[in-house]
Amino acid sequence: MSFIKKFIEQETVNRRNFLLASAYGLGGVAAAGVFGPGMAQAASNPTVAWSYRNRTNPYWNEIVSGGEAFMDAAGLGKDALTHLINEGSSEKSLADVKALLAKTSGNLALAIDTNDAPNCRPVVEAVAEAGGYVSTIWNKTDDLHPWDFGDNYVSHMTWSDEGPAEQTARILLEAMGGKGGVVHLGGIASNNPAIERLNGLKNALKDYPDVELLAAEPADWDTQKANQVMSAFLTRYGDEITGVHCANDTIAYGVLEALRAEGIDDMPIVSYDGNPQAVGLVDEGKILATVFTNPHWGGGITAALAYHAAIGTFKPSDEPNEHREFYGPTILITPKDAAEFKANYLDNVPTYDWTDFWGPTNGQIMYK
Amino acid sequence: MSFERIKPHLPWITLLALVAIVGIADANFLRPANLIAMAADIVPLFIMALGMTFAIYIGGIDLSAQSVANMTTVVATVTLPLFGVGAALVCILSGFVLGAVSGYVTTKLLVPSFISTLAIGGVAFSAAQYLSGQRALFMDAELRDATFGWMTGSSFGIPHEIFIGAFLVLVTWFLQTRTTFGRALKAVGAGEPAAVAAGLDVAKIKIMAFAVSGLLAAVAGLLFSVKLSGGSPTLANGFLLPAIVAVLVGGTPLTGGVGGVINTLIGTLIVAVIRSSMLYFEVDATKQQMVFGLVLIAAIALTIDRTKLRIVK
Amino acid sequence: MYELRKVDKKFPGVHALKAIDFQIGRGEIVGLVGENGAGKSTLMKVIYGAYQADGGDITIDGTKVRFQNPRQAMDHGIGMVFQEQSLITNLTVMENIFLGFEQQFVSFGVINWKDMAQAARNQLAKVKLDIDPATVTSRLSFAQRQLVELAKVLTLEERVDGDLVILLDEPTSVLAREEVELLFSLVRDLTSRASFIFVSHRMDEVLELSDRIYVMKDGEVVDVVAQAEANVDDIQHKMVGREVDKEYYREQKQKPYRKEAPLVSFKDVSHGARYQNISFDLHPGEVLCLVGTEGSGREAVLRTVFGLETPTAGTVSLKGQDVTRFNAQNGVAAGVGYVPRERKVEGIVGGMNVYENMTLSQMGNYSKNGVLRISEEKSLARDWIDRLSIKTPSEYKDCGGLSGGNQQKVVLAKWRSGGSDIILLDHPTRGLDIGAKEDVYDMVRDMSDDGAGIILVADTLEEAIGLSHTIIVLKDGIEQIRYDCEPGNKPSLFDLVHHMI
Amino acid sequence: MGSVLTRDVLVKWAPLLVLIVLILFFAAMEPRFFSVRNFARIGISSAPALMVAIGVTFIIIMGSIDLSMEGTVSVCAVVFAFAFIAMGGTLASFAWLALPLALLVGAAVGLLNGLVHVKLKIPSFMASLAMGFVGTGFALLLTGGDRIRVEDDLFRGLLTTRWFNFPIMCYVAVAFLLIAWFIQTRTTLGRNFYAVGGGEDLAHASGLNVNKVRILGFTLAGVFYAVGALLAVGRIGIAETATGSNFMFVSITSVVVGGTALWGGIGGVWNTLIGVLIVNVINNGMVVIGLPGYVQDGVLGVLVIAAVVLSTDRKSVTFVK
C-alpha cells in the first residue's frame, strides 16, 4: 500500500508547507510567495526533474538513463527523478514546468530540452521567477544567455553538429571514391540539429566537386518516413545514388531497410547520434560512421549542473561564460573503433564523475 | 434531486471533483497562484479549442487548427518587424481565410470536414515551412514587448492571458447566444434540413463557422508566438488533440447543436487539471499517456449528455 | 389467440397505457384508432416487444409471454410493418427481407446468395411483387418499398410455428389511392395466413379494412366497434371526446379570393423530367391545391416556388418580380413560407425551443447588426402560443418534445408571424390527429382571409377538395385538368382520381 | 435509363480513374516513376497502410469512426516482437506462434475498444480517440521506450524475398484484402455492417443486434490493425511505440479518397485499396518528381481534396459535415 503511505507523507509535508505559507502570510510576506517571484531558496532537497520529448526514441532513453545514473550517484535514488514528457508539444512542455514549479514552490532543479527554440525563454523565465534552477540542452534561441539570469539559468549545452557531420560526410565521400551522387535524409526541417547536419554535408561537398548532392528531404527523425523517402529516391535516381547521408541513426535504419528491400547491401551510409544499435551496425560495416554525442553523460550532467547549483555546491554566476554555454562532447565512431567504443561506452557504461561538470565539454558556444 | 436534473451540470461537477481530488493529494495545487498560473498557461490551447467548438457545434471538425496556429507563429514573427501591431491583423486574416477555404471545400465541394480541414492544414503547414525558411525564428525582444507586451504582462497578479481568454469567451458566448449567427449555427447543427427550409443561407453559415475556427486558431498561434517570443512551423504541435479533447470533454459532442463555448471552457480546464494531476500523483513517465487515456474515457463517459444523442455512432 | 389483459405502461410523469384489454383472433383485421398521444404507438411497441409492460399479462393461445426485445416478439410470430420507410436503402431487396435472419443461408460462414435470392422471390410472390431481389432498395418506388416491407414481415411465416400477428403502422401514408387498394386486397388475401393490426389516421381506410376497431383515448380503450356498426362520426366523437364539426373542412368559411395581382405566377415552367409547362396564378386569399400521385411533380412545383429547385425553362414571378436566382433566401425574402412534409426533419429544429424556432426564418426582424433582441422574440412566441393555442409549458420548451400538431402550429406561426403571405403547405396534416387537423384547417382559412395565397399538397383528396379554391391535377409532371371549387360546386373524388391515373 | 447507368458506372469507377490519371501524370513528369521496381516500392509502403485502412473501412461503413489504430498497431507490434524473441526469435521455431498471438491481441484491443464505445455509450470518435491514447501508452509501458529488433531472416523475408518482383508482404496484403472482401460480401457480419451504416435504427427494429455487430466490427478492425502491425514490423525490422504513428490520418484519408463515405453504408475494401494506392502514389510521386519537401504537405492536401471531389458520388449527398 505504498500509495497510501506516500499520500500520508505528502499530506504531512503539505501541511507543513501550508502552515509555513500561513506564517508568512501573517508577516505580510505571503503576497510575494503567492503572487510575486519566489523567495531565495533554501538549499535543501530540491526536486530534480528532466523534461524531454518522449520515451519512444532511443536518444531520449539514453538521456533518461544518464539522469537516473546521476540520481543514484548523488544518493537520491533514481525513482526520485521527476519526468516531464512533452510529446513534441512546446505548450505541454511549458505548462508542465509551470505546474511542477507550483507544486514544488520553486524548489526545483530542472534539466530540459524545450522542444522548440522559442520555448526556451518562457521556460527559463518561469523557473527564474520561481527561484528554481534550470539547465537546458539543444533548443535555445541565440539571444538568450544563462548569464542574464544570475544563478537560476545554470547552463546551456548543445552540440555543434556541423563539424562532426562534416567529418562523417568526408568519410562517406571518400568511400564513394570522390564521385557519384549523394542524397541526404534530414530531421524535422526547422530543427536546429537538422539544419546543422545538412550544412556539415554541404561543407564537405565543397572539397568533392565530382559528387553531386542529388536531393535533401526531411524525414522527420522517423524510421518509417525515412524508409518511404529512400524508396522514392531510389526510383528517381536509381543507380545515380552512390551514398546516403542520414541526419540521425533512426533515419539510417529506415534507409537500410529500404535498400535491403531492393537487395542493395553495399551502399555507403553515414548517420549520427551513436545509438547502440547503430554502433552495432557500424561494427558490422553497414554504416560507415556515426557520431556519439554521449546522451547518457549529457542527461546526467545536465541534471547534475542544475542540482548542484540548487544545493549551492557552486555558484553559477561565479563561473566563466564558457562554463555556462558550452558544446557537448562528440565522438566519431567508425568501423575501426566501433568494437572498442562499444566495449567502453555501451557494454559497460562508464561511471562518470557527476561533479566534473565541464571536463568532457567542447568549449564555449559560438554564434554566427 | 434526480440524476436527470444533474446531467447538464456534470461537466463542471466533474471539473470540481477533479480539482478536489488533486487538491486533497497536494494542497499546493489549490494555491491561488498555482491555479491562476495553470489557467493562464492553458489559454492558447483554450483559444484554439474555442474555435474548434464552432466547427464541432455544426457537426464538423477542424483538423487544420494546429497547422494554422503553426503558420501564424511564423507569420507573426516574420511580419512583426514589417507591420508592428499590423502583424496581428495579418495573422488573424490569414487564419480567417484558411478557415473559410476549409468551409468552402466542405460545403460547396462536399468534402467531409475531417478530410478538407486536414488537407487545408497541409497547405498551411507548407506555407509555414516556406515562410520560415524551415527554421525556428525568434522575435526581437524589445519590439515584441513594445508591440505585444500587453498580451503577456500581468495586472493585479493576474496574467493578461487570462483577460484575453476571458474576453474571447465573452465575445464568443455573445456570438453564440445573442446573435443571429449563433442562432443560425445552432439551427444548422441541430437540424440542417430545417435550417435550409427556413431560408437560412446554410452554406454561408457553415463557411463562417470554419472561418471563425480558423480565426481563433490564428489568435491562439499569435498569442503562443508572443508568449514564446518566436515562431516555427512546428511550434504549436501538440495542440490539436488536446483541443479536440477539451471540446468533447466539455460536452459538445460531434453530433452538433449541443454544447457551446462555456462547455469548452470547462472542458479545457478539465484537460489542464488532468494534465497537472499526472505531476501531483507522480504518475510514472511511461504510464502517463495510458493514464491520460483512461481518465479521459471516464471523464467523457461522465460528461456527455446522452439524451441528446439519438444514436451513438 | 393473441391477447393483452390489463396491460399497464408508465413513463416518468405519464401513465401511457391504463389497463388495456386487447385481443385479436386468427385471420382477423383489427383497426386501432385514436388521437396522437392516445397511446396507440405505446401499445404497438408493447405488442412487438420494443417496450415491456409494467403490469398485466400478454398471452398467445393462453400461454403467458414476455418479450425483452423485438427479436423475441418476432420469434413468437409478431411482426411490424413500420410507418414511413423502414427499409435500409443501400441494401438489396433480399438483404432487407432477411436482415437479421441471414443465418439460414449461411453455411460454413458463407452466405449463399442464390438461395437467398430464391427465398426472397418466394416472399415477394406473396405480395405479388415481381422485381429482382438483388435490386438495391433505393431504386424502388415508395409503393414497392411498402410491399417489400410487408414481404419482409411475412418471412415470419416460415420461421415461426403457429399464427402471425402483423402490425401495420400507417402503411398508406405514402401511397396513392390505387396503391392503397392494392395493399388492402393483398392484406385481405393474407388473412388466411396472418392476423393484422391496422393503425391509420385515415378513418375511411380503417373502416374499410378492419373487422373490428379499437378506439383509444388517453391511454385507455374507450370502445371496440365491429365494422358493421362503425361510422366515422361516432368513432371520431369517441376519439376526440367532443363533437366534431360536421363541416370538417370549414367549407362554410371559404370566401372567394381576390382576383387582383397574383402573388405567384408560373408561365410555362418546366423542370427537367419532373414537370413540364406548368402555368398558374396564385391570388391573394386563394387556396390552390396540386393533386396527383407521388412523383407527379406536385412537390417539385412547391419546392420551385420556395426556391429550392431551379426550373429549366419558363418564368416564375413572385409578386410581379421575375425570379432569377432560385434559392430559399430569396424565396423567404419575397414572403414565401414553406411548411414541409418532413416536419421533424425540415419543419422544426429539434433541440431548439419554441421562440428560437419561430424566429428562425426572420431573425433579421428581431435583431440589429446581427444582435438578437431575445425579449421581443419571447413575447412574439407567447403571443402566437396564445393565438394558435399551442400546447407547450412555455416558450422555452424544446420543439422536438412537442406533439406533431403543436409542432405544425409552430411552423405555421414561424411563417405567419414573419409576414409571409405565400404559404406552401406540403401534407400539412400528415400524421396529425383529428383535433390538430381541424386546427390546421382553421388556420388555413384564417390565412386565406388575411389575404395570403396558399399552395397546398394535401394529405387526402377529401382534404384537397374541402379546402381549395382551385385544384390542378398533375400526372407525370403534366397538368391534366383544372377545377374551380366554389363551395357547393366542388369536384368529386372520382373526378380527381380519374385524371390522376 | 441509359444515362442513369452511365452515371452509376462512372461513379463506381471514378476512384480508379483518379488513380490512373495520377499515375499517368507522375509518369509523364518523371518516366522512371513508371517502372515495376517503383511499383514494388509503392506496394511496400502501401501494404501496412492498406491493412489498417481496411480495418477502419469496416468501421466507417457502419457510420462510426475509429481513431485508435495508432495505439492498437503499436501494442500489436510490440507484443509480437517480445513474444517472437522470447519464443526463439525465428519463424523456424515455436516463435511463429507470435503471429497468431499478435492477431489475438489486435482482436482483444479492438474488442475492448468496441465495448467502451457500445457499453459506455460514448460516440466512437471520442471512445476510440481516448482508447488510442491508452493503446500507445500501454505500448510505451511495455517497451519502456526501447525498440525491439526483429532480425529473423525468415520473417524479414516478408520484405526481402520477392516473387515476380514484388516482396512477399505485398502478397500477404493482397491475401488479407481478399479475406476482407470475402467478409464484406459473403458473410452475415460483413453485410450487417452495411445494414447498420444504412440505417441503424431500422436495422435494430428489424431484429438485428446492432450492438453486437458494432463490437464485432471493432474486433475485426483490431485484427486487421494487427496484420498491419506485422507488416510494418516486417518492413523495417523494428517494433516500437512509434510503430503506429501516422497511421490515423493517412488511413482515414485513404478510405475517404477511395470513395467510402464517412456517413456510412457506401463503399468497401476495393475502394480502400484504390484510396491507399492513390495516397501512396501521391507521396511517392512527389518525391520522385523532385518536389521540394516543404510544399509536399500542401500539394498532398490539394490533391486529396481533388481526389475526394472527383471520386465521391455527390448526387447521393444532400449535405456534408
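For the reader, a short list of remarks on this structure follows.
Each chain carries a letter (A, B, C and D) given by its place in the written order, and its residues are counted from 1.
Assume a contact is a pair of C-beta atoms (placed from the backbone, for glycine too) under 8 Å apart; a residue touches a chain by one contact, two chains touch by 3 or more.
Not measured: the values here are computed from a predicted model.
Minimum number of contact steps separating subunit A from subunit C: 2. Between the chain pairs A-B and A-D, more C-beta pairs are in contact across A-B.
Measuring from the averaged C-alpha position of subunit A to that of subunit B gives a distance of 31 Å.
Each chain gets one centre point, the mean of its Cα atoms, and the points for subunit A and subunit D are 35 Å apart.
If you average the Cα atoms of subunit B and of subunit D, the two centres end up 29 Å apart. Distance between subunit C and subunit D, defined via averaged C-alpha coordinates, is recorded as 43 Å. Residue positions 55, 64, 189, 218 of subunit A each touch two or more of the other chains. Looking at subunit B, one finds that residues 129, 134, 193, 286, 288-289 touch two or more other chains. Multi-chain contact residues of subunit D (touching two or more other chains): 140, 144-145, 293-294. All chain pairs in contact, by the document's touch criterion: A-B, A-D, B-C, B-D, C-D.
On the side of subunit A, the complex with subunit D involves touching residues 54-58, 60-61, 64, 189, 215-218, 222-225, 227-229, 231-236, 238, 253-254, 257-258, 260-263, 277. Touching subunit A in their complex are the following residues of subunit B: 25-29, 31-34, 37-38, 41-42, 44-45, 73, 129, 132, 134-138, 141, 157, 224-225, 227-239, 242, 272, 275-276, 279-280, 282, 284-286, 288-289. Within the complex formed with subunit D, the residues of subunit B that make contact are 58-60, 63, 105-107, 109-116, 118-127, 129-130, 134, 192-193, 202, 241, 244-245, 248, 253-256, 286-294, 296-297, 300-301, 304, 306, 309-313. On subunit D, the positions that touch subunit B within their shared complex are 62-65, 71, 116-118, 120-127, 129-138, 140-141, 144-145, 200-201, 249, 252-253, 256-257, 262, 264, 293-302, 304-305, 308-309, 312, 314, 317-321.
Every residue of subunit D that touches subunit C in the complex is listed here, in rising order: 182, 186-188, 191-192, 194-195, 197-199, 202-209, 265-266.
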